[in-house]
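Shared between the two complexes below is subunit A, which has subunit B as its partner in the first and subunit C in the second.
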Partner chain A sequence: MFKTTKSIVQLVILTATCLVISACTNSCSQKTSSTDTTLHFPLASTIKGMDPIQSNSTYSSRVVSQIFTPLFEYHYLKRPYELVPQAAESMPEASADGLVHTIKIRKGMKFHNNDCFENGEGREVKASDFIYSWKRLADPDNRANGFWIFDGKIKGLNEWRDAKSKGEADYDTVIEGMKVLDDYTLQITLTKPYYQLYYTLAMEFTAVVPKEAVDKYGEEFLNNPVGSGPYVFTEWVRGSKITLDKNPTFFGQKYPSEGAEGDKEAGLLDDAGQDIPFNDKIIFYEVVESQPLWLNFMKGNYDVAGIPKDNFDAVVVEGELSDDMKGKGIQMSTYLQPDVTYIAFNMKDPILGKNDKLRKAIAMAYDSATSIDKFYNGRGVKAHSPIAPGIDAYDPEFKNPYVEFDQSKAKQMLKDAGFPDGKGAPVLEYATTSSSTARQMAEYFKQNMEAVGLKIQIASVSWPQLQAKIKDAKAQMWGIAWLADYPDAENFLQLLYGPNQAPGPNGANFNNKKFNKLYEQASALPPGEERTAVYQKMRDIFVEEMPWVPNVHRKGYSLRHGWIKNYKPHAIKANSLKYFKVDTGKRSELKAKL
Partner chain B sequence: MKVASISSTAIDTKSKQDELEKGTSLWADAASRMKKKPVAVVSFWFVAFYLGLALLCALDLIFTSYSVVNNDIAYQAPTWAHWFGTDVFGRDVLARAAHGTVTSLTVGFFGAGIAMFIGTFFGAIGGYFGGKIDDLVVWLYTTVDTIPGILLVVSFSFVMGPSLKTVCLAIGLTAWVGHCRIIRGEYIKHRDQDYVQGAAALGAGHIRRIFLHILPNVFHLILINFSLGFVGAIKSEVILSFLGLGVEPGTPSWGVMINDAKQELFRGVWWGLAAATIFMFFLVLAVNLFNSELRDALDPKLKNK
Partner chain C sequence: MLKFAIRRTLYMFPILFGIALVTFLLFNVAGGDPAAQAAGKYATAEKIQEMRESLGIAGPLHEQFFGHLKQMATFDFGRSWSTKQTIRSMIFSGIGASVSLMVPVYVISLILAISLALLVAFLRGTFFDGATLVVSLALMSISSLVYILAGQYFVGYELGLFPINGWDSSLIARWQYLVLPTLIFVVLSLGSNVLFYRTVFLDQMYQDYVRTARSKGLADRVILFKHVLRNAMIPIITVVVTQLPFMILGSLLLESFFGIPGLGRMIVDAIQSSDFPVIKAMTTITAILVLVFQLVADLLYAVVDPRVQVR
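The block that comes next holds the complex of A and B.
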C-alpha cells in the first residue's frame, strides 16, 4: 500500500534526499580515538519511532532493522537478491498446494537484556513470540501501517481482527492460520497461494517483539524498542541522534563466505566466516537538510552519504568520482534502484479514462530523456513499463513505442484522439506538490504538452492533499513514484490490479478484465519462467492501455569513506550495517587529509 | 471675540473670502510640498517607471521572450544576449524578472486595495456607531490579529489553492486589521465634531454622514495606509511564492525565482536570485521612500516646517 517515503514519494524529495545513505555527527567535529569502532550514519529525515509494525519509511526501517530480527533476510552479497534465514533456522517447508508453510526458528536466540524481563536478562525467543508479534500487526487497536502484507492472506487472521475490534477475541484466541507446533516450529496456513509470503517475512513489519516489553512500555514501546537483533537501543535524542550498542547476546551470525561475481576481487569476502556485527556502536543522525549532511560527510563526521542533486556536478565527472574526492579516499557505488517514477492518469476521469489515444499522445509528447538529465542529473534509465530493473520480469531490451518522444507522432495521435492540434480538448489538471523541484517538473510537463497544443493547469497541493486527492479519485493526472518492497514484479503490477482501486494502491483506477485475470493467474504461480511470461503479458496490456506514462528508473549513488569496509549497496533491505567494518587505522590516516 | 462695528464686519468677511479662494486644498498643498523634495521626486519617478514597465509587460509589448523555453541553453551565465543569464528551462531571467513586476504590482494593488476596503468599512461603522457594532468589530479584528499574519495568509492559500487571485484575496483578507484600527479611531474622533453634527441637523442620514462627510476627512490616512499595505502585499507575495503557495507554476514571480535559487546557488547559478532581488529592492525602496514623503506632506502639523 502507499507507504510514506518508501513506496510513493514525491518525485522530488527522493531526488534530493532519498538517495542519501550516509553517516555522521552533528556539526560538532568529532574526536575519534584510534580504537573506537563507532559507525556514524546519517538518516536524511527525522523518524517517528522504532516500532517494527509501524516502520513504513526507509529511514525508520534503517534503525528498526538493526534492533529487530524478522525470520528471513536477503543474502548480503548475492545478486539477484536471494532470501536466506535470519531468525529462522532454515528456509520453510511448503505443502504441495502452496498453502501450508512450516518454519523452524533458531534455538538459543535471546531478546536484548532489558528491565522488562526478570533480572533484566533477555529470555529466549520462542515460536509463540512470532505469533504474538503478527497478532500485534493485525490488531486494529494498533493501526499498524504494515498490516496490508497479511490482509486477507492468512486463514482466520482477518476474522480475528474483526472479532478483536468488537472485543470478542484477544491475544490468547487461536488463529487457524498461525499455529505453534512446538517451541521452535510454527506453521502458517494461507487462504490462497501467496508466493510473496516469504518476502513479507523478511520485512521489518514481521520482526519478533517480546510481549514483556510491549506490556511494560505500552504506547511508549516505539521509544523503547526491545528486540533480538545485532544492536541494542541505548538512547534517542529526538530530532538529533539515536545511539545503538552492540548486542552482547546476539545469536552469532557469520559474515557470508560466498558472494556475487567480482565480490572477492573487491575485497568483500575478506572477512568471510567471521562473527558479525563488527562495530561496537552505531550512531544515527537525523539530518533533514541535504547540505549540512553533505558538509558533515566531507568533514569525515559521517561515514556514508548520498549525493545532493546540486552538488552532483562537482562530485561526479563523466560518470566517475572526481579526482579530488578520490584523493580523499572516498569511494562511490552506483546501482539501479528497483523503482519507477511515472505520471498516472485517473482512468475514472471522463476525458482521460475513455480515450487511450489521448493518453498515448500525452506519453509521446513527453520528453523524458531531457527530464532525466534536468531533474536527476542523468541518474537513471528511461522506464518503458512499470517493472523495474533487478526484478524478474524486467527486460532491458523492451521498448514501449508510446514513450518514444516524437512531437509529430504525438500530434498525429492527438488528431486521432479527436483533438487536432489540441482543439476541443479541455484544460487538463496536473496535480503536484509545492516543493521547488516538483514545481519545476510540473512546469516542464506543461511546456511539453503545450508544444503539441494541450493545455495544462497545474494544481500545487501539499503531500497529504495530493494523497487524499488520489484516494478520492479526484485527481486527473499526477506525478508519483513506487519503490519495490520486495524483488517481485507483483509489487509493481498490483498498482494496476482492478480490485486495488482507490482508496487502495491502484490510484490510476485501472481496471482491465484481462489484466486482472492474468494477475490472479500469476499470484497462484511459483516464481519461475511461467510466471515471468504472465507478468510480461500484463506488461503488454499496460502498453496498449497506457494508464501511466512511465518515466524513469532511478539510479542510486552512494558514497563512503575509505575506512568503511565490506560496503555493498542493497536496494531493498536496510539491515546491512551489521556487515560494515570500520578500519580504525585507515580512518586516522584518511581523516588527516579531510 | 472682538467688538466691531456692523460695517467693518462686512468688509472683513469679504477679505476673508478672498483669502479662502486663493487658499490651497490639503491635496494641492501636499503636492506642492512634495515637488520641492528631491527624494520624493526621484522615488515618484521610480514608482512610475515600474508602473510603466508593468503596463508594457502586461500588454506583451516588451520582454516578450519571458516564456520561451530552450532547454539547450539552461543555466547559461549572463551574456549580452541574456543580461541576467537563463534559468532551468533556458528562459531569459531578465525578461522573467521584468514580468515578475506585473505579478507584484497586481498583488500590491489588489491585495492592499481589498485590505483598505475591508479595513475602512469595518473601522468606519465600528467607530461611527460605537456600542454593540463597535464591540463586534473590535472582537473581529482582535481575533484576526491574534493569529500570526503570515500563518493566516498561508492557510488561506492552502485552502484556495495557488493562483494570482488567491494571493490577492489571501493578503487582502488578512492585512486589514492595522488599518481598521486607525480608521475606527478617526471615526470616533470625528463623529461628534461640529461639521458632522451640522450635517445631521440638516437631515443627513448615517450612510451619508459616514461616507460623504467623514470619509473625505480621513482619506489621506487611507492613502498612506494603502501605500504601506502595497509594500507589505508585494513582500507577502514573494514569501508565499517562495513557500510554493503563491502564483500558479509558470507565472513569472520574484518569489518563485528566489525559491529556485535556494537550490541553484549550490551549482553556482546566482543570476536568478540577483535579478529578482534587484527588481524587488528598488521597487520596495522607492515605494517606501515615496510613502514616507507622502505622510509628511499630508500631515497638517508639519505644514509650516
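The block that comes next holds the complex of A and C.
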C-alpha cells in the first residue's frame, strides 16, 4: 500500500516537472516556424457571430469580411475612399433617373467547400444568390441588424417583408425592385434616388451567402459561416479565438497597382498585380482586456494592436513613436476616424429644446480642447459640425463660433437666454453610461457648466438604459458618438432629419423644416459639388440651432510589427487583411529583439 | 437520513418557485426593454414592436411567467439572443472550461490553506505564526486585479514562463494556459483561507476535549489530525460546499483576463450584450446550484459529526 502511494507521488512529481519544463520551453511566445505565414490578429472584444446580416460591430465585420464578399469594396490604397468591384465584375450601370441599377457579377466565383454542398464542393455564385441573401436581410424572422440600409428604398421590398411576416410571401416570391436578368446580371429598382446604395452594397450586410448553408445550419449559420471570400472558416473557440484558412478556390483577386500619393515610396505598391490573399491562415483572438492584448503584441504573439490609453505616453513621444518601440521594429500609423463624439440635447425637452441661447451657452462653456487631452491623450481634433473628416462635405477650415471655449461669452449668452449667472435655470440632467471614463467625462462636463453657474445632475446608467432613455425621449442631454457606416455626410445628417426622431436614430429629436427639406433635396442628388453645397447649408442650420455640442473627431493610432508588409489603415474598409503580407524572414529577425 | 433528504428536497420547491418569481420580475417586469436594445441603432417603433414579438416578450405577463416556469422545469432555456446557440449547449461547452480552471484552483488552495492553517495553529504564538498572519493579511488586502496584472506582466511577459493568456480546445494543449490563472487564484485566495481555517482550528484547540487529550498524553500530531481536524469539519464543509457552485460557474475576472471560454466569461458577455435569456438562465441555475449544495452541506454535517441530528 505504502509502495503504491509512493509510486503515485513520484509519478505526479515527474509529470509536473515535465509539464513545467515543457511550458518554459514552449510557451514564452507563439510558436511560429520560418515558413508559417499565419496572421495573428487581436479583436478587442468578443463577437456574437459571423452572419453577415447581423454584422454591425467593427469586430464582427473584421471577421465576416474575410469570409464573405459583397458586390463592392473600397479601394485599399486610394484616398479619398473610392468604391471598386469585388464580387461584381464592374461598377453598376444606372438609369438616367437614378432609379434602376444593373450590376454584373463575376463569373466563376465559388462558394467555399463545405458539407452543405453536394460532394462538399462549393458551387458557383449566381446573381440569384445575391437576391436570396438580400431577402434574408429583409426577412423579419431574421431580425437582421442591417435591414436599415434597404428599408423603404427598394421597390416592393418592404411589401415583401410585411407579407412574409404574415406568411403570405416566401423566398420564391418575386420582388419588383430585385430582379435576376440572367445568371450573372441583377437589377435593382429603387423607390426614389438613393445614391448611398453602392456604399451599402459594399457593406458586409449585403454579402452573398449560399442557401444550402443557411438551410443546413439554420439559426446557427452565424456559428458556421460559409461564404466566397478569401478565407474559409475553420474553427471558433467561442470567446477565445477564430481560425480561418486561405480559400483555395478564391476568385483570383490581385493586389492593386495604383495607390495614393506616397504609397509607392512607402513600398505599398511592391506587390502590385500579385494574387491575394498572401497569408495561409488568420487567427483572430478575442481579447477583452487591454493588458493581455498589449503584452501579447509586445511579445510578438499578435501582429497588430492599438495603443491602450495607459501606455500611450510611453509609446508616443511628441506625436512620434518612441525610440524604444522603433528599435524593436514596431511601426505606427495614424489616421482621422470618420466619427464624431457629441453632447446631444433633447429638442423635445421644454427647457433645452425651446432655448437655443441656452444650448449655445452650454456649448461655449464646454472646453472640448482640454477634454481631448484629458480623455483621449490628445488623440483627436476638435469637432465643429456633425460631419466627420474623410467625408466630402467636411471642411477642416470651418469654425463653429459656438464651440469656441469662452466662459465670458458663455456667461453673456446665458444672460441672453434668461439665466444671468445661471440664476433661475433648473438643474439639468446629463445622462451617461456607468463606465469609469464616461463618468469622468460627465464630471468634467459638470465642472465646466458649474463654472458659468449652471447646475448639472449626472444620471449614470447602463448602456441599454441610456438607449431606452433616448428612444423614449426621456433624456435631457447625454454624451454619445457616431462612426460613419459609409463615407457620405448623409450618414451623419440623417441623425438630425426630422422623420428619424426617437425611437429612430435622431435621438436629439431635431426637427427643422428647412433642414428636412434640404436633406430630402440632397437625397435626390448624385455625389458632387451641388450635393456638397447642400450638405454645407444643412451644417450651417445645425450651427444656428446647435441641437448638439460637437466634441471630437477621434484619431486612430495603430501599431504593427515590422514583419507585416502592405499595411495601410482604412477607417471604413474591414477586409484589408487579404493585402497584408507576413515577411517570415523579418519576423524571425525582429522577434529576437522582443 | 433518507427522510430528511426527501423532506429537505421538497422544501426546495417553494424556494425554487420564489426564485422563478424573482428572476421573472427582475428580467421581464423591472428590467428595461430588451427589444429596443436588440433592434439596433436604426430602430423604429415598428421595428421594436416586431422585435418584442419575435423575442416572445409581447404577450401577457402570466403567459410569459408560465413559459419561464416551463423552461426551468425542462432545463430548456431556449436560444441565446446574441449567439443563437441553445443555452443548454452553451452551458455544457462552458462548464468544461470553467471546471478545468476551478477544480485545480479549489483543490490546491484548499489543501494548501488547510495544511498551512494547521501548521500555524500548531505553532501558535511563534514567529512563524505571526509572520504567516502578517503575510496573509497583506495577501488579502491587495486587489485581485493587481495579482492578475502583475502575474501576466512578470510571469507571462517578463519571464515568459507561461502564456500571457489564451486557450486551446485540446485538453492536452490547454493545461499551459491554465497554470498562470491557477497560480494567481491560489495566491489570491490563500490569505483569507489560511486566516479563516487558522481561526477554526484555534477555536477547536482551546476546547476541553483537546486539553483532556493532552492530559492523557496523546501526541500533538494525533490530537491535531484525529481530533481537531475532524471537529473543525463543520465550518470547513460550510465554506467548501458554499464555494462549490462557483467552481462550476467559473470566475468572471480570471476568465475575462485569461481568455478562458468558461461560464464566467459567458455571463459577462451576456450582461454586456443584454442577452436576457442567458442572464436569466444563469441566474436561475446559480440559485438552484446554491440550493442543491446547501442540501449537500446539510447532509454532510450529519456524516462528519454524529452530534448533528437529522430529523
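Just so we're on the same page, the second predicted complex is superposed on the first by the 566 of 594 C-alpha atoms of A that agree within 3 Å, B and C clash if a C-alpha of one lies under 4 Å from a C-alpha of the other, contacts with A are read in each partner's own complex, and residues count from 1 in each chain.
FYI, contacts are C-beta pairs under 8 Å (C-beta built on N, C-alpha and C of every residue); 3 or more make two chains touch, one makes a residue touch a chain.
Owing to the predicted nature of the structure, the values given are computational and were not obtained by experimental measurement.
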- Query: Per the overlay, which chain contacts more subunit A residues, subunit B or subunit C?
  - Reply: C
- Message: According to the stated criteria, A:219 is in contact with first (subunit B), second (subunit C), both, or neither; which is it?
- Response: second
- Determine, under the contact definition given at the top, whether A:333 touches first (subunit B), second (subunit C), both, or neither. neither
- Item | Partner chain(s) touched by A:437 [first = subunit B, second = subunit C, both, neither] | first
- Message: Under the stated touch criterion, which partner chain does A:241 make contact with: subunit B (first), subunit C (second), both, or neither?
- Response: second
- Message: On the A-aligned overlay, A:521 touches which partner chain: subunit B = first, subunit C = second, or both, or neither?
- Response: neither
- Message: By the touch definition at the top of the document, which applies to A:291: first (subunit B), second (subunit C), both, or neither?
- Response: both
- Interface residues of subunit A shared by subunit B and subunit C, listed 291, 462
- Task: Spell out the part of subunit B that touches subunit A in their complex, as residue ranges.
- Result: 69, 71, 74, 88-89, 158, 161-162, 243-245, 248-250, 256, 259-260, 262-267
- Message: Please output the residues of subunit C touching subunit A within their complex, sorted ascending.
- Response: 32-34, 36-45, 48, 50-51, 54, 79, 82-85, 93, 149, 152-153, 156-157, 160-169, 175-176, 179, 256-261, 265-266, 268-269, 273-274
- Residues on subunit A engaged by subunit C in the complex (per definition of touch): 19, 22-24, 26-29, 46, 48-49, 56, 140-141, 143, 145, 148, 151, 165, 219-220, 222-223, 235, 237-241, 285-289, 291-292, 295-296, 298-299, 301, 462, 464-465, 467-468, 471, 503-505
- Query: Of all residues in subunit A, which touch subunit B in the complex?
  - Reply: 16, 291, 308-311, 313, 370, 374, 432-437, 439-440, 442-444, 446-447, 457-462
